[in-house]
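After this come two complexes, each holding chain A, first together with chain B and then together with chain C.
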Partner chain A sequence: MAYVATRGGERAIEQSERLYRAQMGQIDAARVAEIEKALPALVDRVMGEASLYAPDLAALALAQSGGDLYEALLLLRAWRTTQPRLQIAEVVAPDAGFTHRRISAAFKDIPGGQILGPTLDYAHRLLATEVLEDQPYAPPAVEPAAKPAPATHPSLAEWQRAQGLVTTPEAAPVPRDEIPDLTREPLLFPAKRAHTLQSLARADTGGTLALGYSAMRGYGNSHPTVNELRLSEVEVMVAHPDGRRFSAGRVKTSQAEVVTTKGKGELRLGFTATLGWNEVKCISAATLDLNAPGAEKNSPVEEEFFLYHTEPVESSGFCIHFKLPHYVTFQSSLDNLRAAKTAKAEQAQPTDKKEETA
Partner chain B sequence: MFDRHGGEMPSDDLTTLARADAARLKHLAEEILPRLGDMQVLKSGTGLVMLPMRDTVQGVEFHLGEVLVAEAHVRLPSGTEGYGMVTGRDIERAMAMALLDAALSDGTAADRIRAFIEAEAQAQQAADTETLRRIEATRVDMETF
Partner chain C sequence: MSLSDLTGRWKAFSYGFLDPSAKRELRRKMIKAVSVPGCQMPYASREVPIARGWGTGGLQVTLTLVKPSSTVKVIDQGADDSVNAASIRRFLSRVSGASETWDTLDATLIQSRHRIPEEKLSRDQILILQVPNPEPLRGVEPNMSTARQMHADADYGRMWLQLYEQMVRSGRVMLGASYPAMVNGRHVMTPSPIPRWDVKKLHMAEHLTILSAGREKRIFAVPPYTRVEPLVFDDVPYKVEDHAHLTCARSGVTGYFMNEIPQEDGSAGYEVSDSHFGIKAIDARDGGTPTVGQTWYRNGELA
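Now for the complex of A and B:
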């Protein structure tokens, strides 16, 4: 029965894809360029979750999928597998990026000061409906300061370490090609910290928010305060065949550190960084990292629980697979259900007969 | 920023070439190309560079994700090699960088290329300064906060 349905669906499948793509119409380079220019936050979010820094390809994936984020991610993750890995860049130090934004909600007077950078945090949330009435909205120009900001800012955790507020042991550096890599090895538990942080860097923004928010609301064991939130551009330092080191260009990164005073006489920190600028994801994921030590099994802040459930391609893929024909398995379950009902009825019948004869 | 890597200072020339304005870079490479003779292309294509970062909490190094790059590797008739790698997928741009690197190492049009690198470095510095002046405008002055 299931085979007949599959064969009969061929034309319907073809037309259904056409019907979906008809909504977007023709896709050209100009549309892709406009998406990249007009939607930097969305492009960044997609690049982080795809774990592939390529703004034009992310914009193309968005154009092609009509804005379905999970479809866009799948396109990018699949495309990525067609590309050879040429090098592993030098390790980026967390305080080394060309910093656009660096704030702390825990400490007012941080070394280097509070730099708001580009943000809508303090904006009035008013919809500019006049744009629809043919009155374009042009943002007022930034008034640059007379002197430039420093290009880099010190790490807050380093400052706290120097003050004895944080005493987490520092891991020993490993050779670059021995850094654990989830794209080449499976995620096993208890997870290596490098796997946890790579997994969170690629995690679904919505997924980390949902689970991180549950911890923030009290279903975790620690309440977060943002120790440091940073948006930067970091250099991709590669090697020339003759050994010279140079930057092949800059990529946008975001990182968040959250802190709790619920420790043994010192501050405890959680951390997440990702490609692209995505603050909600970094704060939520850092909250999960903060809450993970000692978390109860099967709770949302337990590492295995949140890492498995925030992988965007696997989770969305598993969800949408339920739309595919399950006729045979469902029919089989239905047969079992009917058989059980019949058996139950038959069991009940002799009793009735007994009652009748009694 | 980049500690523990042999101590050699990064090559500012290569960094400047990688970040140079794509149109101007290609234009200069085309201008110099006829003087380089029959060169051999050893590599030309796109690929990925994995980008690791160090965590601030435990100092653990982990992979942030991969960056799409274009790469080119050439050899001149003299045996001198040139290499280019730039973020993105513009292979022509990586090739132009590789040609200029090879020419510079070979002493072909060296003055012209040096002048180009100097001008581009100045433009990049000016662009960074302008960006940082705009960023500085968002500094919170806590006394008047």
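Now for the complex of A and C:
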């Protein structure tokens, strides 16, 4: 053991970590609270990809990783996986929950109305440089509508079903306590529907966008129309050991349902829901879901292809693993290269040998 | 009844980091893997506090097997002091209370990336190999579902074709590390990216080897005294790296797997890849009396 203290990388790795953390300085509760308050979109994105609804922990992970999203995710996922699974909450229907924003691109108006809610969609993207010159930007106060929007909105797909435009796939007869859990079971193909939706819910925003966008541009088989995009808050209903139902709290969720008219005489739907409000991810992932049935093998819209390649912790980890030394494998291949080269050189010799023997 | 009756006393982390449900799954999958040698068993593969691709599969197995009385050795490319090996070893002892060692002979658990130590392992030792890609068919079939079906059918024709094509194009089999091997006459497995030098150490070995791919969520095993036969044609012998005649510039040993070190004068120097084996040789040369175990290779030949 004498060598352990004196040789090798242990000091180096400790010091390199210190160098990185020195950039961020001291992390305290105030910084974490400020991140949680100031960066809700980022906190939401991280919570969705971590599949852990805990804004304070997500903000802490962002503070601790200095904003490296993949590092923050890994911190949260590694923490999440050690936690016991105490309860399985009640199923939430897409139209349940307090709806903040619900829009449809498929119709001019829909039952319940188009509710814009909070969005930057129509903002002019002008950088507020005056803030840097000591003129703080305070957003103007919101003026409430004369008639408040209803708290809940019906699902548009329900109306389409009533019209005979879509067929509801038959629900798998799975008891609530036995819903397959991707975090406790491997993903195998053809994937269980629950695994597909869970996998998309925790998929990498950038990854789903890249593959979803490729499908939107024409590498898929259907073009999406946003049937319904919804941001809401839903109650997490659980059972107390004495049998009473109670709400353990509200979580922000986003869902996108995209639709295509390319079907056998009816509309086909693609769907994704995730924790937190993240519209780009839900629309992209729903587009992948829409394109998956009958997709060509090894194409970006094949389920196996996009679910494997949008897993943020796996893909980012594998990418950075190439920084690890690979000199043993390299040596092994070098040995082949040299031997093949020598053999080739020897093969080129025989003409001389023939002359010698002649 | 209250919630506190239903749960244990709160602790920040479980013993050995993984929670009991994760360990139970791993134990079950390891037993399955041992029962069907070389066959890949899917498992949930929890996130652990190191990045995917950095030994998370090996780490989950070691965390499940480790106990306070264990002695753990971790190597990367044959070296105990490689930064990632040092980091994993430190994490293991921190969460389990197990002892750390660099000496192959003292270790009860050896977690390794890309090498099998040069000293023979015994029946009391378990070798845990980190696996980046568990699928030997990946090169000929990237789709995992199709590859799974091919294993079920023992359909390895495309692997053989790949070997044949390499012989036609390059005059020899060009597979470097991760040379595919038939296990127990039934399943073709990748031995992980160990050099060809090491693959033969697995054949009829006394020790248990568990191979685990965390990112790809697959676990497989080579139980003791199991046939591990590299895929070769009857008339084209298996070739290990041409290292038998090389001598380590630091320790003076000859006949083991070496690291090639480019020199400024344009030549190449060599040092033995199994770093602690090299340390023992240096110690012996300097008058020490280290305990050196029997080696798999003697005089550059598999004994």
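Definition applied: the second predicted complex is superposed on the first by the 339 of 358 C-alpha atoms of A that agree within 3 Å, B and C clash if a C-alpha of one lies under 4 Å from a C-alpha of the other, contacts with A are read in each partner's own complex, and residues count from 1 in each chain.
Going forward, contacts are C-beta pairs under 8 Å (C-beta built on N, C-alpha and C of every residue); 3 or more make two chains touch, one makes a residue touch a chain.
All values derive from a computational prediction rather than experimental measurement.
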First, second, both or neither for A:Ser332, with chain B first and chain C second: second
Chain B versus chain C as contact partner of A:Ala96, first or second or both or neither: first
Touching partner for A:Val313 - first (chain B), second (chain C), both, neither: second
Contacts of A:Asp242 with chain B and chain C, given as first, second, both or neither: both
Which superposed partner A:Phe189 touches (first chain B, second chain C, both, neither): second
Which superposed partner A:Ile13 touches (first chain B, second chain C, both, neither): second
Partner chain(s) touched by A:Gly270 [first = chain B, second = chain C, both, neither]: first
Chain B versus chain C as contact partner of A:Pro84, first or second or both or neither: both
Chain B versus chain C as contact partner of A:Asp56, first or second or both or neither: first
Comparison of chain B and chain C by chain A residues contacted: B
Contact residues common to both interfaces of chain A (with chain B and with chain C): 80, 83-86, 183, 241-242
Interface residues, chain B side, partner chain A - complex: 1-6, 8-11, 13-15, 18-19, 45-69, 71, 73, 81, 83, 85-89, 101, 128-140, 142
Sites on chain A touched by chain B in the complex: 47-48, 50-54, 56-57, 80, 83-94, 96-101, 108-109, 113-118, 142-152, 155-158, 168-171, 173-174, 176, 179-183, 193-198, 201-202, 228, 234-238, 240-251, 253, 255, 257, 269-271, 273-275, 289
Residue numbers on chain C that touch chain A, as the complex places them: 1-3, 5-7, 13-14, 17-19, 21-22, 25, 42-49, 51-54, 56, 76-84, 86-87, 90, 100-102, 113-115, 132, 142-146, 170-178, 193-197, 215, 217, 239, 241-243, 257-260, 273, 279
Residues of chain A that touch chain C when the two form their complex: 1, 3-4, 7-10, 12-13, 74-75, 77-78, 80-86, 183-190, 241-242, 297-298, 304, 308, 313-314, 316-321, 324-329, 331-336, 338-340, 343-344, 347
